[in-house]
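In structure tokens below, several structures.
Note that chain A is present in both complexes that follow, paired respectively with chain B and with chain C.
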Partner chain A sequence: MAKKIVLLFFMVSLSFSIYAQDQGRLSGNFQMDVQSYRADSLIGADAIPEKMALNSYANIRYELGDFSAGLRFEGYMNALQGFDPGYDGVGVPYFFARYRFDDLDFTVGDFYEQFGSGILLRTWEDKFLGVDNAMRGIRVKYHPFEGISLTGVVGKQRLFWEYGPGLIRGLDGELRINDLIPALKDKQTLLSLGGSFVSKYQADDDPVYILPENVGAWAYRFNITRGALHLDSEYAGKINDPSADNNFIYKPGNSLIVNASYAASGLGMNFSVKRVDNMSFRSDRTENLNKLMMGYLPPISKNYTYSLMNLYPYSSQPTGEMGAQGEISYNIRRGTKLGGKYGTQITLNVSMVNSLDKTALNDTTAIGANGTLGYTSEFFKLGKELYYRDYNVEISRKLSKKWKFTGIYQHIAYNQMIMEGKGAVINADLAVLEVTWRLAPKQALRVETQGLWTKEDKGNWAMLLAEYSISPHWFFSVSDQYNYGNPDEEKRVHYLFASFGYVKNANRIQLSYGKQREGILCVGGVCRNVPAMNGFTLSITSSF
Partner chain B sequence: MIKLISKIFFFGLFLSLFSCDIIEAPFFESHDSGGKIQENPAKVLIIDFTGHTCKSCPKAHRAIDQIKSLYGDQVVALAFHLGYFARTQNGEKFTTDFRTDEGSVLESYYEFVAFPIGVVNNLSKQSLTPYANWASQSAAIVDKQAEIAISASTEFNSATSTATVIINLEDISHTGEDLKIAIYLSEDHIIDWQKDEDADPLDVESYEHNHVFRDAIGSIWGENISFESAGEEGIQMTRSLELDNSWVSDNCSFVIFVYDSATMEIVQVEQVKVKD
Partner chain C sequence: MKRIILSTLLVSFLSVMCLAQNKRNDMPKLDIKTLDGKMISARSILKGKPTVVSFWATWCKPCVKELSAIHDALPDWEDEVDFTMIAISVDDSRSEHRVAPFVKGRSWEFDIYLDPNSDLKRALNVATVPHTFVFDAKGKLVWQHSGYTEGDEEELLEKIKSLSDK
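== the complex of A and B ==
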């Protein structure tokens, strides 16, 4: 099958090349990650029978005028630890052809699509997370008038090397009011309105429950901007969708997201609220983890790149949560006493997420009991259970042409039982100091010092990282994460890790060796478990 | 022409979007229990991979109860406690170790990503499926005729705590050649700690653990059998197992199943109590 697809792709590309005077453009990229595994009982790392594992990907894309086609090779031989072994194998799971004709835009094959903020439909891929829920089917985009966009999709979602049982039908429309009404074209206030309807079909062959085979969901949204002010919101609803996620309750779901921001010279403010009630939406009602997710609930907590700040990351809870996030960022002007010679950036951020307030249907039915309407919930009432808190302050300042530093203090409360299914609420304080020293015009040394202090879970951590780069080709780094406060003294382990890499044009090679702690890797509120590892890692990326 | 096709596409899509099935209570199917085949019906083996600190796992336990209430003894269940969520803890809770060496073998074989998970009448890695699929997969089997008939009786020696199972296998219509038989011992009604996200409090002290895998006679993968070398009366075999003192023999059963080692498909399963 894969050979036929590749052959077809090159035949189509070749025929277009011959037909057209313009030869078109061929582009692509390649990535390979190899990991060796050594058993290390102290950190809980397992050896694997095949000794090493490999994930690899290659995208090839051809464009000629309004036509484009592409495919992706994937090889998991076998999949890296932490990725679902369902990926094991080699093949071409993604290919498409797309053509634009006047107001119409057709895609056949595999595609990624998002309606609005993605609550109802977001098909996407992230190779680090092992997420790929691409749709295979047909997508048509239509722009009948200026200011109106329609998108229709029909297809099934990818599940490893197969496709899920659910058939997705979706329609999204967006009106850009300022484009639509000539009198508003030059106004300062920009307004757009949007709406989506998504329906999934999955046969009911369950002998226990009477299940809806067609589940419909809808969403409305607006987006308004005036100068430095911005406000957008999306509300989504869904009819009964009993599933493994919600313990087969028949309660309709809904979700509301509101974002407001203000940006002026030196000052930025963001405020977001989110309410999610029984809004897990998959194209297979029986699946779990990141498999066959149709909807995406954006997190309202800050993302960090520092290792210890990702020890307890928040992920959205599609079955129910209420939360808010606020951030103020201020740039103290350069040349002032506080701002220094180059200016100083201060950011305050607060995220708070709790459970929904849920009330039992009656005295004899437990909240969320399967085969019932589940519970009732007041829209504006906050649940008592804490899911997540994050209070942090970040100061970033360039001291001179050679020196720059970033300091962060953070306090978090993390409900480990909700996020990971174990433990309790973890209260932790964290601090980070990052210093960059430009040694010479092409040489820089970056040092990260991180600390995490908690009485719960694995106790206190300290981390030191030093990275030396000689641009544009070389970089070297060594790091040590030390779990010095682990209640189990035998597990007070140093996780030493070293790597170096070489970059030349679009090619990048990196070799690493060391111990990696068990943890959770999250991107955009979607997470995967990363098991502890001890061994070599080789990564190669290239593009053309 | 293309515009016309696209308009038809959007119109068709628009109509299909209105197909919403709103279900009114009661939400449970109502039908008679049991399958339709009276003599030698195919039976279902549901293997549940679980752990006492897995808060979602009781959902799978309850799913098994619901399936058993539909199909009675046509459904046989086994619960392997293994992996991270089966580890014991210091203190008063979750101190009982339900893990077994055989479970460790399966842990390496299946490479679990999440619990609860299980297999229904097939041991292959590709057959791992969430608990919400077990009922529909069972329903697809219970109305079939068994391809192999398993009958079994037991004897129990209280002095030595030794249980013996006498098995007779009859080939009805099976055509495969790579057959194996596996004989496991399971125990019901073990009262111990279990996390349950649907309970309040979360940690349930007197949780009833059923179908708990205790031991296998010989390898976890069983032993080869062949009907070609057997007579018309089929295959007879007798196997014994000494029970651990901590197991309650009255609550123990042998779970016997025959599977095709080429496809890993379970052909038939039978359960018989140690004290018949």
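== the complex of A and C ==
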């Protein structure tokens, strides 16, 4: 009898494990970046005592029916230069379990969540930036019927291997009017409304100030689409929240974002405006840089991938800014005289950001003096100080099956004092020409020529990059960035860099060697400083 | 008695396996956003045909090259194989509103969805964009590829062709 029970148990568990194996899915990825460092006084690169540094990440995820769970290993042995030294050693800082049952969806553990456009709450990660402000706690999503969704979160945010002191409580709701009101179901105009409330609690142990321990913030948003036209907006406000970011002023904060767009075949247009007034929001009022950010203020400028176009990148100014951005992209149809055989793509983009207009409270108090109400600001008045300008035009055209080119001209003005705390306003002109020549159906040579001309900062730059690829496995590239206009003649350095890589399906190995200039790496307007480097880089990524 | 137990077990064992086989769907049970702002289940975009799902962003040069190459090749590919092409943008709230004008401005005709806080991207273990997946008609993930270099679309076409031959 005992034998039978064992056999029964064995077969039942076997069938369950087969059931689980076949229906459930185990997946994951692995990423590793290794860098060796050699001292190079000319470019300002330092050697480090341990000679090399390594960042690595591995995610494992399991999904079975309505259930999913996952974890992430992270290892910094030691962290790459430019990453916060708070990242050191190895650990499993991220794990979660999630269950979706009909209308209810629970997550316990670590999670990433965004309310609306993220002004009040956005937890996110970007491994290249070293940003990971995941929340650890509980999240419940509820979708009682078509047209209504509710999300509630409670938790603390990740700070390296620890959690910040602030407890975050948040609630978000969204109504899709067309799904809620049957008479509007088939209307062309689609409307949705949303609102969020977020509160953080942090004890006041400040020796000087009496600080609000519970800081409440709220946001309203709408979204209207009618055919090719689209309009959305979000307004957020919060009570006074004295912090290291705002120099401990007791002024409430607010922010407004409006986006309008038109999208028809061959023609796309969009226009955005943004106003930010004292809207830094962190789960620890004393933190700085990219640590414990609760809200995300999307920068109102375009994101570029060409190297020299990222020499002076814009990032949002949470203490105050006003800006606008407009873009038109037009496709000159294929087969026309101007458009050529394959059509031509033209994009015009303009971004402008200024300071916020700030008026002193009275004659004896300086603007933003700590412990005061800070300043007053007229909502629709633009500040006088220039933060950022970007005017650019991009043309892409496929000339034949073998030849393609992209040309960009850009003029920027960049307030280095505001962005980096040094220097003044930098005016620069940039040009990029990229030519791709398909030598054979699976072989291509790509050449990028870039130039940046300015009288300020480090002067003129030129760059040449050539990349040869054999699809689907191999690529080789060499590049040189030459700071030929540096006012200091000794620093007119060539930054030579070579790399090759092998790709097979979702596995990718890349080995590079050379000099990399000091710079600011930005994703989504959040940036980190990357120091100058001279040495080898090995990167491996793999997904399964 | 022994035979009854064994045969019952065998039947339940087989039926569980069959059930499992039919239910297999490798798309995570998460929501993505349509260009109209509506949240839909990511599973609902797999509609019983071989499907290509490409993760991209408006600011990602190789992504735009890959999708442009697919756009150019699509009329020819559709003559050869029956499949669905889908592109999921991971643009965040900085550039999310640029996606629709960007896509229409280029006359891309495949379906576009948004994953603004990278939830689906993370669940599918995508480290960087572009990253392209091929799902078979049953929803099983059969191939994935990271990055894009000129000509990679040929390999993609071979993969979808091999699925429809079966």
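One rule holds for everything that comes next: the second predicted complex is superposed on the first by the 521 of 544 C-alpha atoms of A that agree within 3 Å, B and C clash if a C-alpha of one lies under 4 Å from a C-alpha of the other, contacts with A are read in each partner's own complex, and residues count from 1 in each chain.
The criterion applied here is as follows: a residue touches a chain if its C-beta (ideal position, glycine included) is under 8 Å from a C-beta of that chain, and two chains touch if they have at least 3 such contacts.
Note that the structure is a prediction, hence the values are computed from the model and not measured.
Trainee: Please tell me, clash or fit, for chain B and chain C sharing chain A in the overlay.
Mentor: After superposition on chain A, which the two structures share, chain B sits beside chain C with no clash.
Trainee: Look at A:E378 in the shared chain and tell me whether it touches chain B only, chain C only, both, or neither; answer first, second, both or neither.
Mentor: So A:E378 meets neither chain B nor chain C here.
Trainee: Report for A:R446: first if it touches chain B alone, second if chain C alone, otherwise both or neither.
Mentor: second
Trainee: Is A:Y209 in contact with chain B, with chain C, with both, or with neither (first, second, both, neither)?
Mentor: first
Trainee: Which chain, chain B or chain C, ends up touching more residues of chain A in the combined arrangement?
Mentor: C
Trainee: Does the superposition put A:E50 against chain B (first), chain C (second), both, or neither?
Mentor: The answer is neither, since A:E50 touches no partner chain.
Trainee: Contacts for A:H230 in the overlay, against chain B (first) and chain C (second): which applies, first, second, both or neither?
Mentor: second
Trainee: Using the superposition on chain A described above, determine whether A:E146 touches chain B (first), chain C (second), both, or neither.
Mentor: neither
Trainee: Identify the partner contact of A:R25: answer first if only chain B is touched, second if only chain C is, both if each is, neither if none is.
Mentor: The second partner, chain C, only.
Trainee: Can A:Y296 be said to touch chain B (first), chain C (second), both, or neither?
Mentor: The answer is second: A:Y296 touches chain C but not chain B.
Trainee: Just to confirm the value: shortest Cα separation between chain B and chain C in the superposed three-chain model, in whole Å.
Mentor: It comes out at 20 Å between the closest C-alpha atoms.
Trainee: Indicate the residue numbers of chain A shared between its chain B interface and its chain C interface, in ascending order.
Mentor: In chain A, no position sits in both the chain B and chain C interfaces.
Trainee: Please output the residues of chain B touching chain A within their complex, sorted ascending.
Mentor: 2-3, 6, 9-10, 13-14, 16-23, 25-29, 31, 53-56, 59, 62-63, 66-67, 70, 85, 108, 111, 113-114, 125, 129-133, 135-136, 138-140, 198, 202
Trainee: What residues of chain A sit close enough to touch chain B in their complex?
Mentor: Residue positions touching the partner: 49, 84-85, 101-104, 106, 138, 140, 142, 150, 152, 154, 169-171, 197-199, 201, 205-216, 239-240, 242-244, 247-248, 250, 285-289, 366, 368-373, 417, 421-422, 529.
Trainee: Given the complex with chain A, which residues does chain C contribute to the contact?
Mentor: 2, 5, 9, 12-13, 16-17, 19-21, 23-24, 26, 28-29, 36-39, 58-61, 72, 92-98, 100-107, 116-119, 122-128, 131, 141, 143-147, 149-152, 154-155
Trainee: Where on chain A is chain C touching in the complex?
Mentor: Residues in contact with chain C: 4, 8, 11-12, 14-16, 18-19, 22-23, 25, 27-29, 31, 59, 61, 63, 66, 68, 100, 112-114, 116-118, 122, 124-125, 127, 149, 176, 190, 192, 223, 225, 228, 230, 232, 259, 261-270, 272, 296, 298-299, 302-306, 327, 329-331, 342-343, 345, 347, 398, 436, 438, 441-444, 446, 469-472, 475, 503, 505-508, 524-525, 541, 543-544.
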